[in-house]
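Dropping the structures in below, format is structure tokens.
Below are two complexes that have chain A in common, paired first with chain B and then with chain C.
What follows is the complex of A and B.
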């Protein structure tokens, strides 16, 4: 029974990881580099929600909505101001620059918020115990949101014009441009989408976790683990590897101390990389 | 502000980190390998020194091993530990390239860090190992801090000379060939994969030594000293100094450490202002990073110098 409890908690963790990684993976595919600052965008979303909700007294849904919008705009602004001018210098330079961006966002959040624990002005979680397994309404919300985001993103990428343009750019930017896709507006859509998703993941972080200023950046480790495992491939492998890592981390608590959770995530990654150097997806295809 | 003390600290810490930056420079600018987990080799050296020189555990100590060796044995052990760690981590990761390598080395460093925290039998977990042995306690009229500054500068100098000799040899030219065009180098029978692995291993050893020196200097081996932030700082220093000229790397590290120490030593009136200053330090470091990568001032200067010559 305890094992099943860990399994369920693991699925919740996995759903959060899906929310946190989808945007990161989308940037990787379309813009072609690993945006380490993605984790700090989670922080922007989380603390914007906290500020509107706890300090200004807004309703949580209004606060969350505005936080997601703010995060999306911040993400787009950073992309235009910092990443675009150095795009030609290749993914390694962009990756290292994004570490600098993460420092800047993290420092600004630190200076504005300060140390200590922040909590949202929302009720305590109600827990349900179907079949003796405990789950809270906030955890269910994370699962529902992850499912909703995955499905709507899949529909968006497969059915809409902008979605198809994003996928075309992910596969071959030059060909996409020569076929008449507006590269600039597609890139803008990608940044808004991926940063908005980071904001949403940040809201979820604020809802389910004890919020401190160093918490968002701590997420980058697991986000990277999920992203490597997925081989930075398609949306579906991100979902699969999010769940695998989430479940592996939480189920491992059944046998070994909880402090080893991140270690388990990377152990999974290292084992997978030994057999499949390109990750679960196998190829770099979209 | 106490300037002489500040400068001594900058020389000591800057030289120690300078060794790490040099190793990173060898791996990245010459070997084409992005190592985002360099702090783990540094930590391996520091912990190896600590474990080798610690007396056997007693009382509240949770660590299992303490060999009570003399300091020089600990120093050698540190280099060896970093080498072993490089062998272990290099074996699965070096087949990966570019950003995949960056991510996996990063992952290894985090795994190692979490291991140090959770496995208390290595080094007391988060508490760490303290009161580490320093080589000689009595230097007569010379203050100990000067000795450490000199030792750190010496280690930096030795590493610099060793790397320079290596890079100016036929071996170094073969490395450059591999970096510039891997297929062409392989076509003239350069063992590409082997040489890359050798560079990875060679560069780990001085990082281990630097770790030992750092442990002697701080007399502390604690997980909180060896976070990913060290990796980032060293990378920033590398970027600051430019990738190619090997002296630029050293200057970049010293400059960055100087900047950080000045911020740290600044007398602040309140806790809140000190806290804000710490955040501002992060922001400025990040901005510096972004600006240098974008503008490449040092690369331009060296190009201009070359054009004139």
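What follows is the complex of A and C.
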């Protein structure tokens, strides 16, 4: 039973990782670089939620909705103002620039939010124990949102014109442009989507965690682990990768000390990369 | 007391390396490159007016943030002291308390006419709790501002500054750096007006052993400053015949600590000893209570702030939670006098901070040298030999009369051991009706053996 409890906790952790990583992976596939600032966009979403909910007294749903929109717009603004002008310099320069962007966002959040801890005005989680396995309503919300986002994103990418354009850009941007796809507007849609997803992950971070200005950036390592494990494959490999790492980290506590959870995450990544150097996806796919 | 962001900044290179691997693996067209980025920390430097009238030394007189202020040039008849504290990040509230108490002490010293080296001029900088930023700012304070002492670093910053302090012969002192690393490194140019973390462990162990628990679980943040005292507490609790159901060392910065709590809650301890920061601590408390934990808690100093009641929900911890921290002896006349003069005397580490700057000023006065080497040469004597004094003015007058002095601090009698550390007293407070209330005090003599 204890093992099953770890397994359920791991699935919840995996679902949070899916939310935190799916936008990051989308940017990576379409824009072609690792946007390290994605972790700080979680912070934008989290602290916007906190500000509207705890500071302005808004209902959590309204606060969450506006926080997602704000984060999407901030992400788009950063892309247009900073990443677009240097895009021609290649993914390595974009990657390093994104580190700088992360520090700028972090500094601005520091300046605006100040010191100490922040929590939402949403009350204590309610625990349920079906079949003797403990789970809270907030954990169930994380799982439900991860499932909803995954299904919605899959439908969007497969059934809508913009989604298909994003997939085409991910596979071959030059060919996509030559076939009449508006590369610029598709790129903007990608940034809005990926940043909005970061905002949603930030909302969940605010719901389940105690916020400090350092907390969002602290998620970057495990986001990278999930993204690297997933490789450049489809959306489904990100889902699988998030669940694998989440379950591996939490179930490992059954046998080894909890302090080694990050090590377990990267051990999984290293082992997989040894056998599949391009990640779970194997080859690049849309 | 350490800061979690440091961990992530220091492994930035690892992130980039992983990113490069990923870029290389995932995109054949990507251009390979290697590069490093320097973390761009926001730092603040300010000249604080040497007056006790300034209520907020970390803010300029025009209300602007200290981050935009520049140090005023050194004038004749002034001696510079650096105030190196975290004004941002999780420990920012403590940094502000320390900076304010130092400024109060400086105000008293300057109001009394200053030292024979001149009035005290302070230069404030924000470390954010980051050691690298601390070294940079301390170097600037010494080389550009001519600081003779640097006051206020947290544990990680303090340890990082040891070599610099000895090389530049500048005294560094902290009112809250309890790290046991300084038990080995301190003592020469490196001092602290707070006891070692090991003392916190002994006090925590003593409290846990006295409560009649049959079993206790330890949840310890993965920092040297929390693990070492927890080991001391574990020994004490084990010796008392109490079962330790779990000794979980967890990493901070996680959205949730459910995995860490799983076995702890399954073993149903009577109490949980939680040695962690505010971020991890609040999440852990809420998750444990939501999962049905109904036992008692003992927290460490980071959670000894009123904000915890808002963050956790006072009803969840009222009567069940206790907190242990190094504290001044409230019965001492020196503390009572300090409390009458300084309204924020009860803030954590405020008396220790006041003592720190007063000691530095008295050492300047006693040595006759207006530099760090002078302070270092006499600071032990000033703290523990001769006529008892409790303010700068009293000490200066006694020195002028040719007497040796024994500075009795607001935080307690200050006697530095070989490592430049004082022995400490500890308070246990209980959560009652949404505030922390004193329920036990362990004077320094409790731990003499």
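Just so it is clear, the second predicted complex is superposed on the first by the 286 of 286 C-alpha atoms of A that agree within 3 Å, B and C clash if a C-alpha of one lies under 4 Å from a C-alpha of the other, contacts with A are read in each partner's own complex, and residues count from 1 in each chain.
Here is the rule we go by: contacts are C-beta pairs under 8 Å (C-beta built on N, C-alpha and C of every residue); 3 or more make two chains touch, one makes a residue touch a chain.
Since we're looking at a predicted model, the values are computed, not measured.
Enquirer: In the superposition on chain A, see if there is space for chain B and chain C together, and answer fit or clash.
Expert: clash
Enquirer: Tell me the contact category for A:249 with respect to chain B and chain C: first, second, both or neither.
Expert: A:249: touches chain C, not chain B.
Enquirer: Should A:103 be classified as contacting the first partner (chain B), the second (chain C), both, or neither?
Expert: Both chain B and chain C are touched by A:103.
Enquirer: For A:86, using the defined touch cut-off, is the partner it touches chain B, chain C, both, or neither? Pick first, second, both or neither.
Expert: first
Enquirer: Based on the superposed arrangement, let me know which partner A:257 touches: chain B (first), chain C (second), both, or neither?
Expert: So A:257 meets both chain B and chain C here.
Enquirer: Report for A:208: first if it touches chain B alone, second if chain C alone, otherwise both or neither.
Expert: second
Enquirer: Look at A:127 in the shared chain and tell me whether it touches chain B only, chain C only, both, or neither; answer first, second, both or neither.
Expert: Second partner only, chain C.
Enquirer: One more residue to check, A:267. First (chain B), second (chain C), both or neither?
Expert: first
Enquirer: Which partner reaches more residues of chain A, chain B or chain C?
Expert: If we count touched residues of chain A for both partners, the winner is C.
Enquirer: Taking the superposition as given, does A:221 touch the first partner, chain B, the second, chain C, both, or neither?
Expert: Touch partners of A:221: chain B and chain C.
Enquirer: Have a look at where A:13 lands relative to chain B and chain C in the superposition and call it first, second, both or neither.
Expert: Only chain C; A:13 stays clear of chain B.
Enquirer: After superposing on chain A, which of these stretches of chain B ends up overlapping chain C: 44-52, 206-214 or 224-232?
Expert: Of the stretches 44-52, 206-214 or 224-232 of chain B, only 224-232 runs into chain C after superposition.
Enquirer: For chain A, give the residues common to its interface with chain B and its interface with chain C.
Expert: Correct list for chain A: 33-34, 91-93, 95-96, 99-100, 103-104, 107, 110-111, 114-115, 221, 224, 227-228, 257, 259, 262, 273, 277.
Enquirer: Which residues, counting only chain A, touch chain B once they are in their complex?
Expert: Going by the criterion above, the answer is residues 33-34, 82, 85-86, 89, 91-93, 95-97, 99-108, 110-111, 114-115, 221, 224-225, 227-228, 257, 259-260, 262-263, 266-267, 269-270, 273-274, 277.
Enquirer: Would you pull the chain C residues touching chain A in the complex into a rising list?
Expert: Residues in contact with chain A: 3-5, 8, 11-12, 15-16, 18-23, 25-27, 29-33, 35, 37, 39-40, 42, 65, 67, 87-93, 95-96, 128, 222, 248-256, 258-260, 262-263, 266, 278-283, 286-287, 289-292, 307, 310-311, 313, 316.
Enquirer: Which stretch or stretches of chain A touch chain C in the complex?
Expert: Touch list, chain A to chain C: 2, 5-6, 9-10, 12-13, 16, 28, 32-34, 36, 90-93, 95-96, 99-100, 103-104, 107, 110-111, 114-119, 123-127, 134, 136, 139, 204-205, 208-215, 217-221, 224, 227-228, 231-232, 249-250, 253, 257-259, 261-262, 273, 277-279, 284.
Enquirer: Considering the complex alone, what residue numbers of chain B touch chain A?
Expert: 34, 92-93, 95-96, 98-100, 102-104, 106-108, 110-111, 114-115, 117-118, 232, 235-236, 239, 272, 275-276, 278-290, 293-294
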